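The following pair of complexes shares a single chain, chain A, combined with chain B in the former and chain C in the latter.
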Partner chain A sequence: MDWLNAIVQGTLLGGLYALFAAGLSLIFGVMRLVNIAHGDLIVLGAYLGLTVTTATGLHPLLALFLIVPAMGLIGYALQRGMLNQTLGSDLLPPLLVTFGLSVILQNGLLELYTADPQKLDAGSLETASVTVGGLSLGVLPVLTFFVALAVIGGLQWMFYKTPLGRAFRAVSDNQDIAQLMGLNRRHIFGLAMALALGVTAIAGILLGIRTSFDPSIGGGRLIFGFEAVIIGGLGNLWGTLVGGIILGIAQTIGAKIDPGWQLLAGHIAFLVILAVRPNGLFPRTTE
Partner chain B sequence: MPEPTLKIHGLNAHYGDFQALYGVDMQVSQGEVLAIIGANGAGKTTLMRSITGLLSNGRGQVEYRGEDISGLRADQVATRGLAMVPEGRQLFPSLSVRENLMIGAQVGRKGPWNLKAVYDLFPILEQRKDQASTSLSGGQQQMVAIGRALMANPDLILFDEISLGLAPIIIKDIYDALPGIIGEGMSAIIVEQDISKALSVSSRVYCLQEGRVSLEGDANTVSRDDISRAYFGIE
Partner chain C sequence: MNIQDYTVTRTSNAIRVAAILGFIVLVALIAAPYWAGRADLRLMGELFLYLALASLWNLMAGYAGLVSVGQQAFVGFGGYMLFALTMFAGLHPIPAIGTAGLLGALISVPVAFLIFRLRGAYFAIGTWVIAEVFRLSFAQISSLGGGSGSSLPIAIVKSLAGSRGARESLSYWLALGAAVLVVTSVYVFLRSRKGLALTAIRDNELAAGSLGIDIWRTKFVVYVVTSALTAMIGALIFLQKLRISPDAAFSVNDWTAFVIFIVVIGGIGTIEGPIIGTLVFFALRETLADLGTIYLLVLGVVAIVVMLKFPKGVWGFIRQRFDLQIFPLAYRVARRDNKGA
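Moving on, here comes the complex of A and B:
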């Protein structure tokens, strides 16, 4: 029963990791941009949540209705104002610039909010639990998991069923020819980043309700996100969810064996999958 | 004489230090079909990239319907009614046949072309509409590329080497379909290495040689000797 419990809890934790990863996956899929600052943007989302909830007294989940559009606007401005200038045939400039952005965000947050650990207050939601088949499940992890399902399902639908998704895929395939179709790639990239940071805001708020955070934890979230994306296979959103779940289960099982092994077990699972399936479990096959 | 649809004046194009076009002058009137011929590396594709805005140009070098479009981005040029069937077809591999056609209509221009009109022109595409575009044969892919450009309801359509890499029978089919495509006041520029095909559907011809216009003439009266001299640059 304990092991089953570890697997179920790991699956639910995987939902949060999938949310960390979804924005990363989207950005890489559309514009081949590896965003080193992604983890810090998640933390930024959590801090924006902190500011809004303390200023207005809103519940953190209600604050999402403000934070998601705000992060979307930040994303669009960031892409049009800065990241578009770095995109070209060379992969290095965007890496360096987002690395710099990461440093700036961490230090900016440190100046504004200090290094004290903070937490979003979600009231009784934080401790509420339900009993399913003898297992006690936290309401928050269950909610997080279903939010992840909804977000990834929504992104998938947007990608394959809407004109915007068509534009994303066309620009990803061939930027020049997409321009000939009247698509301004700079604008499309801006929209992709806006969407990605909207998802990031959700991830940040759920992170902030679940655990305490401080300005330095972005790097760790970035690694989890990366690992989920790579395990699942680049450019496959459902694969990203599976990647998050595998990572989550590996961590909880590792922690079950020895509490000190939680992170290590996740990284080992990642390395094993990378060694066996270098393209991830479900790489995009429509090339 | 009416204002030409497209007027190119003293067009220079560079790739870094390499100059690909030297002071090219050219114009296309409304409803006219123009052929551009030339050997490999003569600058034909560069000219197409300059016109469509994929390469940026010096001020005043490309005028479209009286407006200077030299400095516009490719998407801005596209919304003004200029579409291209690019060399090598260049369909979007992640998009189905139907989606490739739909994205051509992204510029939102009104006109006779829509999904149904394209399917009427190339019925095979309707049967294949949900397939991945790359699963089609070369000829069918070319039909998608032509349909995609038509979906924009352009005033001027550029065909860049549409016969390249296709079987002669397919090339014949596609050229047979061209008169039905170009018409209703649409102008066209046909870039080809296959000279006789290009001349058969056009009214005027330009020959490019090493980045310069080496011949300009009436497609029906220009002589074989003139063309080979302009094409190869030998007396």
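Moving on, here comes the complex of A and C:
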């Protein structure tokens, strides 16, 4: 029963990791950009949540209605103002510019909010639980998991069923031809980043309700998201969810063996899958 | 205008002058323990170690296209190997540094087989995962102090040299020697046949492959050699610090972020770039470090602006403006008789 419990809890944790990964996967899919600052943007979302909830007294989940659009705007501005200039055949500029951005975000947050760990106050939601078949499940992890399902389902639908998704796929396939067909790729990239940071905001708020956070934890969140993307296979959103779940289960089982092994077990699971299936479990695109 | 009037050469007057100046500076630096104060000596020692790290990162990212954000894995590994070899195997610290390099090369082989499966930016994050695995693993080893780390026993420190002054001089010379060794090796390597292959890969991977260059193998050799040398530098860094902990040893800020700034600001893909970058970085640090986090913010902004506006860095700008090269890699055509020019 203990092991079953670890697996179920790990699956639910995987929902959060899939949310970390979804934004990363989206922008890689559309513009082949890997954003090193992604983890710090998740943390930025959590801190924006902290500011809004302490200033207005709103519940963190309600604050999402303010923070998702705010992060979307930040994303659009970031892409049009800075990141679009780095895109090209050379891999180095986007990598180094987002690395610089990561340092700026981390130290900016440190300057504004200090290094003290913070937490979002979600009242009774934090401790509420339901009993299902003898297992006690936290309401928040269950909610997180279903949010992850909804977000990934929504992104999948958007990609394949809407004009915006068609535009995303078009610039992803061939930027120049998409441009000739009347799409402004700079604008499309801006929208993709806006959408990605909207998802990131959701991830940040759920992270902030679940655990305490401080400005330095961004790198770790980036790595979890990245591992979920690679385990699942590049360009496959549902694969990313599976990747997140595998990572989550590996961590909870590792923690069950020895608390010091939680993170290590996740990384080892990732390296094993990389060794056995270099393209991930369900690859859709090859780079 | 006969073809006989021209000759292909690597040297120029500027290079000859630079070589003589460089030699004089090197002699002055070797003599530094006799003219510099203790604090200056420590600062210069640190500067040389950063120069070595930056030159190595530049070789990987600027020439081999292996952009790593996980070199702290090998810095920390080298540091921990120094502690383990001296504390448990009873090795003298100086051979321990060399052994740490060998072990770094050994461990980098399986690591390379794994992460070379990742392309481009995903490779970068993959190297970070490896560094995290190293950090978490060393935090599990309780004989090395676990998560809180350990200090180098006094007996081992004293085995290096009797007096404190002699120890500090020795540690300075080791740092200077490491920097000279690394810069010279990078230079000699790039002038060799393998180096030419590497430059070809940097300029166009597809074309280099079609000319028969084994791209995977060339990159693999660069990765293993860089890892070994980085581990040696790591051992030297923690021989200076005398204390090691997982968070300090595998710090992404200290051993990767700063190194990337140095290379980007100085000029990536040139030998001179890391040297200039290190000087700029230490000048900034010594003047702005009191500002704490603001200093890091400034560094981040400077790096982004340089990357967007001057992607070739300070040295790239100088080279374009004055057609100058201090470490001659490229050949140029010159008139045989300079008086006629």
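Points worth noting:
One rule holds in what follows: the second predicted complex is superposed on the first by the 284 of 287 C-alpha atoms of A that agree within 3 Å, B and C clash if a C-alpha of one lies under 4 Å from a C-alpha of the other, contacts with A are read in each partner's own complex, and residues count from 1 in each chain.
Keep in mind that, in the parts below, a residue touches a chain if its C-beta (ideal position, glycine included) is under 8 Å from a C-beta of that chain, and two chains touch if they have at least 3 such contacts.
Fair warning: this is a prediction, and the values are worked out from it, not measured in the lab.
After superposition onto chain A, the partners chain B and chain C occupy separate space and fit alongside each other.
Put chain B and chain C next to each other and count what each touches on chain A; the higher total goes to C.
Touch criterion met: A:181 reaches chain B, while chain C stays clear of it.
Of the two partner chains placed by superposition, only chain C is touched by A:99; chain B is not.
By the touch criterion defined above, A:108 reaches chain C but does not reach chain B. By the touch criterion defined above, A:170 lies against chain B but remains apart from chain C after alignment on the C-alpha atoms of chain A. For the three-chain overlay built from the shared chain A, the minimum Cα spacing from chain B to chain C equals 15 Å.
Chain A residues in contact with chain B (one complex) as well as with chain C (other complex) are 287. Here chain A touches chain B in the complex through residues 163, 166-167, 169-170, 172-174, 176-185, 286-287, going by the rule given at the top.
Contacts from chain C toward chain A in the complex involve residues 61, 65, 67, 69, 114-115, 117-122, 124-126, 128-129, 132-133, 136-137, 139-140, 252-253, 257, 260, 264, 268, 293-294, 296-297, 299-301, 303-304, 307-308, 311. If you check the complex, the residues on chain A that touch chain C are 33-34, 36, 82, 85-86, 91-97, 99-104, 106-108, 110-111, 219-220, 222-223, 226-227, 230, 260-261, 263-264, 267-268, 270-271, 274-275, 278, 287.
Residues of chain B that touch chain A in their complex: 52-54, 73-76, 78-79, 83-84, 86, 90, 92-95, 99, 102-104, 106-108, 132, 148, 152.
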